[in-house]
Amino acid sequence: MIDVAVFGAGRIGKIHAGNVAREAGARLKYVVDPDAGAAKALAALHGAQVATVAQVFEDRGVGAVLICSSTDTHADLILAAAAAGKQIFCEKPVDLAIGRARACAEAVARAGVTCMIGFQRRFDPTFAALKARLAAGEIGTPEMLVVTSRDPGAPPIPYIRSSGGIFKDMLIHDFDIFRWILEDEAETVHASASCLVDPAIADAGDADSTAVTIRTKRGRLCQINTCRRAAYGYDQRFEVLGSGGMLQAGNHAPTEVVASTAKAVSRDLPEHFFLERYRAAYAREVAHFFAVQAGREKLRTTIDDGLKALELAEAATTSWREGRIVRIG
Amino acid sequence: MIDVAVFGAGRIGKIHAGNVAREAGARLKYVVDPDAGAAKALAALHGAQVATVAQVFEDRGVGAVLICSSTDTHADLILAAAAAGKQIFCEKPVDLAIGRARACAEAVARAGVTCMIGFQRRFDPTFAALKARLAAGEIGTPEMLVVTSRDPGAPPIPYIRSSGGIFKDMLIHDFDIFRWILEDEAETVHASASCLVDPAIADAGDADSTAVTIRTKRGRLCQINTCRRAAYGYDQRFEVLGSGGMLQAGNHAPTEVVASTAKAVSRDLPEHFFLERYRAAYAREVAHFFAVQAGREKLRTTIDDGLKALELAEAATTSWREGRIVRIG
Amino acid sequence: MIDVAVFGAGRIGKIHAGNVAREAGARLKYVVDPDAGAAKALAALHGAQVATVAQVFEDRGVGAVLICSSTDTHADLILAAAAAGKQIFCEKPVDLAIGRARACAEAVARAGVTCMIGFQRRFDPTFAALKARLAAGEIGTPEMLVVTSRDPGAPPIPYIRSSGGIFKDMLIHDFDIFRWILEDEAETVHASASCLVDPAIADAGDADSTAVTIRTKRGRLCQINTCRRAAYGYDQRFEVLGSGGMLQAGNHAPTEVVASTAKAVSRDLPEHFFLERYRAAYAREVAHFFAVQAGREKLRTTIDDGLKALELAEAATTSWREGRIVRIG
Amino acid sequence: MIDVAVFGAGRIGKIHAGNVAREAGARLKYVVDPDAGAAKALAALHGAQVATVAQVFEDRGVGAVLICSSTDTHADLILAAAAAGKQIFCEKPVDLAIGRARACAEAVARAGVTCMIGFQRRFDPTFAALKARLAAGEIGTPEMLVVTSRDPGAPPIPYIRSSGGIFKDMLIHDFDIFRWILEDEAETVHASASCLVDPAIADAGDADSTAVTIRTKRGRLCQINTCRRAAYGYDQRFEVLGSGGMLQAGNHAPTEVVASTAKAVSRDLPEHFFLERYRAAYAREVAHFFAVQAGREKLRTTIDDGLKALELAEAATTSWREGRIVRIG
C-alpha cells in the first residue's frame, strides 16, 4: 500500500484522485490546493486530508505524488519531489521553458525516482490497440501518419495567454502521438497556423488552427491538423499508412444508436471533450503508474518523452513565428 | 447508508457485489453462497462477511438483498425477503413455474417492498438512449420491432437441462425488450425453432435457434430471432420502425480501430458476451435500485415485468411444442 | 443479333427497353402499349417501331419478348409467346392465380423456350456478392435469414385493389430471396400482418405491415418483415447467420458524404426506391437474359422460381387470413 | 448533333469515347492514335473512323476534339484545335512546362473556344455533393481541408521518368480539389516528400510519398498527403472543417456486404483504381462538356484551372527540391 498526495483539486486532479481511490495498492492521503474549498471537497470525497506542499514533502510515509496543479508549478514540485525521493506523476507539460524542463529531468535522474508524464492518449483503448497491432506488423512498416486533433471550443483568453501557445498547450499531445506511433525522431518541422476562430486569440499572440508537417530521420512523414473549435465536439483521430495497409483510430460515441428519418441517417456525436473521451485512458494511466511502482510494468511515458514533445512544440512555434522550416538535432 | 446482502458469489454475483461496493449510499455487509470458498473470496474483496441465509434475514440492519443465486432458489429467497421486509433485487427469471412466480409477486405486494428484476438491458446506454428518443417522438408511433439476440456459444448441456428451455432462459430478456419498447401487450405469439447448433441440445429437449413473432393488441408487430451460437460473438441489436422513421440499437465494440489491408476493411468484433457488453448496464441497474430506495427514482423493472416476460416465454414454448399460434389473455 | 419486342411502356418497360438498347447482341424492334403516346415516345427514344401484340407474334424475325405490361396480361402474353416460339422475359408475378401460372409454366416447357422471371434482386451487386460468398463457404452452413423489405410509401388504393395483396405484390420478391439464399424449400409458413399505415388499405382488404416466418424442410429459419412505408426511403436488407458467421447485405446510398454538425453525424438516406436501388440489377438482369440466349450463361430465374415464390405468397396470404400456420407440400 | 474526334485510344481515350457514344447530342466520328491497331479497335467499337491529326483538323464538320493522348502532345493539339476553331476537352496536365501551358491558354482565349480540362474529380457524385452542401452553407465558412490521395500501386519507372514528377502527375488533381473546395488561392506552399515505396523511384529523381501544406491568402489551411502505394487500393478522401461542422467525402465500395466472422467485422475494399472509382465522374464530365456546347451549362473546369493547378505543382516541386517554403504570386 502506497500513500499518495495529489497536488491540484481542479478538473484533472479530481479525475486522478478518483482513480487513485479505486486503486487497490494505493491510498489517497493528501490533497493540496491553494483553493482551500476545492482541496477540502476533494479530500472529503475520498476520505483524505488537506495538506500544504511542505507537509506532503515532510511526510516520509508519502510514496508518490501526482502533480495536477497549474503548469507554472510543475517544475518546482518535480524538483521538490525528486529531492524528497517521492515517485512522481506529472501532467504535461513539464514546464513551458525547455531549459527548466531539462533541469527537472536531470533532477529526476539523479534521484532515481519515476517521473511519469500524463500523456494519457497512449492509454486510450483505441489508440493502444492500434499501437499494439502496428507493433505486431499488421500493416508492415509505418510510413505516414495523419493526426486530427480538434477541441470542441476555445478556452478563455486568459488561459491562452498563459498557455505557452497552441503548440505547447494543445499539440504537445499530438507530438507525443507522433513519436509513439512512428518510433522515429523528427528531422524537420514545418508549422503553418492561422487565427480563424476568434480574433482575440490572435490579439493574445496565438493561433487557433494549425497544420504541421514532420519529416523523420528515416524519411517518414507526419501531418497534424488541429483546431480550437469543432462544432461537432472533440475530434481525436489518427491514421497510419504502412507498407501493407492502413490502421485508423476513430472517435468514440456515447451510444450505438442509428436514426433514419426523412432527412438523414444519423449517429451520435463523438464524446464531447477530453474528460469523456479519455475517461478510460485516465484510469489506465494511473493504474500503469502504480503497476510501475509495484514492479509489474515498465514505465511507458517518461520525463524524456515530455522533453521530446516539448522540443517539437518549440520547433513548431519557431517555424510558425519565423515562417521557416526548422531542422531538429 | 443501507446494508446489503448478496446471495450468490458466481459470475453475476461478483458483478453486482462490485457495483454495490462502489455505491455511495450502500454497504456490502454479507455474501452468501453454498460454495464457502467463493463466498469468502468475494466477501474479502469488498470487506464484507460471509453469512448464511438465516443470518441475513435475522439481521434487522440489512436493508436490501440482491438475489444472484441459482434460479431454483429465487422464489424461496424472494418470499423470505418479503416476509422479512427487505428490499429485493432479483436476477431473472423469478421462477420457471409461472404459478410460483405469481405467488412471489403477491408476497412482494403484501409486504410493500421493492422487488426489482434484473432486466439489465433496459439500462444499456444504447438501448436506454433509443428508448428515450422513441419516447420523445423522434420517429413517431412505433409499429414494428425486430430483435436480434445471439450468444457467442451454447452453454453446457446440464445447464440447458435445468434452464427451463431457450424461451425462458434466453428470450426472456427479448420479451422484456418487446414490452418495454412497444409499450403494448401481446395478443398472439408464434414461435418456430430448430436445433441447428448441437444435436445434444435437441436430445435435452430444447432448441438452439428460434424465430418468434408477436402481434400486439394494437396490431403492432415484433419479430425476434435468436441463436445460441454466433461465431463473431454476442449479437444484441434491435430496430424499431415508426411512422416517422427508424431507430436502430447496435452492438458495441472494444475499440474504434479500422484496419484496411489487401483483403478487407475491418473493424472489431462486438464485445464478446454479456459481462462485457452489459458492464455499464449492470452498474446503472444497481445504481437505479439504490436510487429507488433513496426515493430519487421510480422503480423501472418490477416483478410484474418479470411475470409478463415469463408468460410470453411460456406462450412461445407452447407455440413451438404444439405447432400453433398462441393467443394471450 | 436478336430482335426484341417490349410489351409495356411504363416505368419498368422504359428501364428494360433502355437496357435492351445498350445490349450489343440485341436490337429493340417493337414497343407495344395500349397507351399509344407512351408506346410512341419510348419507341422513338430508341429508334424502334410501335406495334400491336399480333404484329409482334406474327413477325418471325422477333426472337425475344420482354413482358413489362400490367400483371393481368402476363399469362396471355406468355402463352402466346410460347406458342410463337419466342424467348420470354416476364416481370413478376407470372399471374395472381397459381393455376394459371402453372399452365404458363407447362406451355413454356412444351415450347422449349426460355422464360426468365424478373427477380432483379438476385442481380443486385450487393445481393449477388453476398450469395457468391455464401456459396464459397465463407460463413459455413446458412441457418437463419432475416429479410427487411420496406417501401418508401404505399401505392394508390386502386393499385392495391388489383395487386393480389401485399404478399403477392410486395413479398414475392422476398420469398424469392428466401429460396435463393437458403437453397431450401419451405415446410411451414406463418404470416402475421396489420394495417398501420393507412386504414384505406384495410378497407381494400389488404395489410401494409407484415411479419412472416418460414421454417424449411431442413429446419432453417427465415423471418421477413415488410412495410409499405419507411420515412427514410426504400429499405432492402437481409442478413444470413451461418455456422461460421454472418453476412449482411445493406442499402446503397447515392454518395459517401458524412456530415458532422452540432446535432449529429449523418450520412445519406438509402437510394429512394426500386428504380434507383436496382438500376444496376436491372441492367445485369437483361444482360443475363441475352447471355442465356447466346449460350454464355445458364438461366438463373426460371418460371419455376416464379411459381415457387407465388406458392409461398399464397400460403402466407392464407396464414394471415385464416390465422393459422400453413404447411407446404 | 456535334461531330467529335478523340485523340488517344488508350485507357482514358476508351472511357471518353464510350461516353461520347452514349451522348445524345454528339457523334464519335474519328479516333486518332499512333498505334493503328488501338485506333482501329476503338473506332470499330463505336462505328467511327480512324483518322490522322491532319484529317481531323481539316474536316470542318468536326465540332469538338477530346485530347486523351500522351502529355507531350497536349499543347500541340490544343494549339492546332484552337487555330481550327474546334471546341476542346483536354486531359490534365495542359503541359509539363508552365510557359507552354500559358501559351495554350492564350491561344484558346484568342480563338474564343472552350477548353475544358479533365479534372474529373469535381464530377464524382460524392465530391460534387459535398461541394454543393458546402456552398449551401451547411458547415458555415470552410477553414481547413485535409486531402488523402493514394494510388494502389506505383506506375512503371519509365512512366515516372516522363511524368514531370509526382506533384505534376499525381497531386495536380489534389491541387485542383484544394482550389475548388476552399475557393481561395495559395499564399504559401510547403512540400515534404520521401521515397519509401521503391528506391528506383528515387533513382528516377522522384518521390513516392508526399506531405503538402498550403496556406491561403485568407489564412485557410490545407494539408494533402499522398502515396504511390496503398495495399488496400485507391484511397480518395477529403474532409473540410468549417465554422459550423465538418463534411467528409469517403471512398466508394463495390458492394454493401458486411461479413462478421470469428476474426473481424469486414467490408469491401474501396473501388480499386481510378477507372472504377471515377466511372460515374468520367460520364458526368463528358456530359457537362456537351451541355456547355449546347449552352445548357457554364464551363466548370477551364484551362485557367489547369494553369493554377500546374503552378501549385511547380511550387510544391520547388519547395521539396530546395527545402524551403514557396510564396505564391
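Chains: A, B, C and D, in written order; residue numbering restarts at 1 for each.
Heads up, the rule we're going with is that contacts are C-beta pairs under 8 Å (C-beta built on N, C-alpha and C of every residue); 3 or more make two chains touch, one makes a residue touch a chain.
All values reported here derive from a predicted model rather than from experimental measurement.
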{"item": "Greatest separation from subunit B - chain, by CA centre", "value": "D"}
{"item": "Result of counting contacting C-beta pairs for A-D and A-C, higher pair", "value": "A-D"}
{"item": "Mean-CA-position distance for subunit D and subunit A (Å)", "value": "41"}
{"item": "Whole-Å gap separating subunit A and subunit C, where each centre is the average of the chain's CA atoms", "value": "58"}
{"item": "Subunit B, residues touching no fewer than two other chains", "value": "139, 230-232, 235, 244-246, 259-262"}
{"item": "List of subunit A residues in touch with subunit D within their complex", "value": "139-140, 143-144, 146, 148, 150, 188, 190, 192-197, 209-211, 213, 215, 219-223, 225, 227, 229-232, 235, 241-246, 323-325"}
{"item": "Of subunit D, residues touching subunit B in the complex", "value": "230-232, 253, 259-270"}
{"item": "Of subunit C, residues touching subunit D in the complex", "value": "125-126, 129-130, 133, 138-139, 244-252, 254-262"}
